[in-house]
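Shared between the two complexes below is chain A, which has chain B as its partner in the first and chain C in the second.
Showing the complex of A and B:
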């Protein structure tokens, strides 16, 4: 999917994560902050990159401010931000396809 | 050298008779040479010991660089005294190389972090260390490793001369002109002054700092004038709103209540739950709520609690007033209901930290305790508990009375949710061992109960009562299945804090944390 405009999903509440995606050329640039960085930073990055890969997002600037979210929450926030960025969040979400 | 909880203690710390932790009751029967202070004689009658300023008091006590100053933490996050005294000592008098020996330190003491960074404060000995001070110590900026002790370990160390206090500062809600202090009757009341008592007896000099001077004699005194050199009146010793909360409220969170109910069930299933039993609980959500459910079981069986100890709060005072507990013995107060009750409600008494929890005296209250209910930041599959370091390895907690009550009690119950956010509370290895697993008996979580295999008697009690329980390993696996298996923290070699077991052996060390960088693919 192509990131068309800046979009955001999630909050800064404990156990949530705020994900921002912005259009950018030349691959994925991920910036990650987390309250559980030392123990889960690596896994959070993997989850975010995997989710982007699954949605076939090739180019984007992605900012994640994580407050101890579980993997399922991180995935949902990334998916939501991506769909918002390309105007797909109201309809045409590929339930059972890329989103599962 | 590896100690009894499997922690590697650097050899260079094992000097002057220091040993590694060997297991509970290792020091039993050994002798302790108590250290006596060198105190000034005030033979000529004094009408008053009032001095004009903190500086005048410091000068009278011969304050100089290299000294150890002690403080107590009954004013909790409302405390102004530590910062006021240290500001005068360091900024006005230019003192250096000061060691602070406090019963605990908290967020109120962030300014002390600057003195650590400037190299003016070179030693910290405390139970709690949090906020900016925790961060700068964790970053390795304190000249010597901080020494972390439990509330019982502290009076042991003071009485045995491991900490020699040059000047003790007593934050007194009320004092008379010669230094008889009480924790009530003023404008910044804290109730019990239990942690200050050993300081006053073992310090070379004692300075009382109060914001409410009362008529002589201020009786019954928690700290007595016979130990006091000088009395200073300041505008305010603390912010009353942060000293004691209005009332410790019992949690309405259904998860907390479910765990609390299970704690009460476990207690009621043991042979010690009989008329006259003794009890201590922390003030965390589920620990405090256990009071509520316990009362139900007491009523059902027609029994009463004999006595309760600890940091005291309203719900325990309520039980005392209802006649459901015989006596409450109090080392510290957490809310106004408790502050207003001590020495007022019949049966509500004050005690010193030594009387509460010191393992080296001839029998502290914790040794007669039947049940204690405590919280944990982390607990590992060896039942070792961490209440000191966060999941990022930074100092931000306090052992407090946790290791003392766990060791002394017949049944120590840890109650904690299985996960907090993404943190697994039940884990493979705690970051820092603050209470050794040989003192912890039962774990109650929202996903099940586990009993320490060292206590087959308790396993039998639970089985007889039909209370389901699982292994602690299975709880750990459940936690990891929810949040993922955490990566190990990465440390540098430098030791930033030494964690003493309550008996004075070394239980664990905290090292400087490596700044975290995401590994490249």
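Showing the complex of A and C:
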């Protein structure tokens, strides 16, 4: 998917993560802040990148502010931000396909 | 991916606790509280501009979190909103046990949802008929049409009244003795029993009023409800206590079922237990008491 406009999903509440995606050329630029960076930083980064890969996002600036979210929450926030940036978050989501 | 067993249409549902599907902190460990069902909410608890985010969150929660024996129901948005169709797709794709239809007013509403569920089951390769339904009656029209709603679908396991909206329609407010909703509760119960489905009472929202909550739950039990919707884990224990049979009831039920089996094997239809007349009409009630007692850890015999 192509990131068309800046979009955000999630909150800064405990167990959540706030994910922002913005259009950018030249690959994925991920910046990550996390309250559990030392313990889970690498895993969070992997989950975010895997999710972007599954959605075929090749170019984007991605900012994640993590407040101890589980993997399933991270995925949900990344996906929602990407679908929002394409204006496609409201209906016909490929549940079980690219979203899984 | 957590495979969930096929949902049971008629199971124990004393407590159904509402949870905002958009709040990861809430839904990640909702099963630890021990309620019979959790109700992940896509409707009123989720702000209009977060409906999309709530679905992504719901999908991954359903697919990832092991809710164990706790039933997982999702409350979808009303049929008068642009959200309900996608709500149904995500519920079915994620494998929710059931869907609660908000603001249900007719058998037609149930069938509209049923058709969309069937389509989604086909789309996502889910066993046809797996996804159960329940209907929330929130308006006078819903209450008047309770019977046709209760008998509209083989997937429908029960109906619940929703007090907030209903009281507004009736131009009344909460009354401690329940008189504000007495007629509606009664009518819904009669309809549900006539159609052979379950019936659930509304939430009690004043968390600090413990006496008020207790008396409402006692009244629910006395009226014959199967269970109650809850908004806070601290309400679960009392409902389970009130809905549990007493020790005396369990002993009596055991005697009745045992005596009935012996007597009917000997060709006797009506007999007495402790001086009271018993015939086949008493058996379903006694068996239900024993089943409930088993779940509550009060009965370990082999009659049910």
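The working rule: the second predicted complex is superposed on the first by the 100 of 100 C-alpha atoms of A that agree within 3 Å, B and C clash if a C-alpha of one lies under 4 Å from a C-alpha of the other, contacts with A are read in each partner's own complex, and residues count from 1 in each chain.
Rule of thumb we're sticking to: a residue touches a chain if its C-beta (ideal position, glycine included) is under 8 Å from a C-beta of that chain, and two chains touch if they have at least 3 such contacts.
Note that this is a predicted model, so its numbers are computed, not measured.
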item	value
Partner chain(s) touched by A:45 [first = chain B, second = chain C, both, neither]	first
Of chain B and chain C, the chain that contacts the larger number of chain A residues	C
Partner chain in contact with A:32 - chain B first, chain C second, else both or neither	first
First (chain B), second (chain C), both or neither touched by A:70	both
Which superposed partner A:82 touches (first chain B, second chain C, both, neither)	neither
Which of chain B and chain C A:13 touches, first, second, both or neither	second
Touched partner set for A:95, first chain B, second chain C, both or neither	second
Residues on chain A lying within both footprints (that of chain B and that of chain C)	14-15, 69-71
Chain B residues within the chain A interface of the complex	391-393, 420-423, 482-484, 486-487, 489-490, 513, 516, 518-519
Residue ranges of chain C touching chain A (in the complex, touch as defined)	23-25, 28, 51-53, 55-57, 59-61, 63-65, 82, 85-86, 89-90, 93-94, 124
Chain B-touching residues of chain A, taken from the complex the two chains share	14-15, 32, 35-43, 45, 67-71
Chain C-touching residues of chain A, taken from the complex the two chains share	9-10, 13-16, 69-73, 75-77, 79-80, 83-84, 89-93, 95-96, 99-100
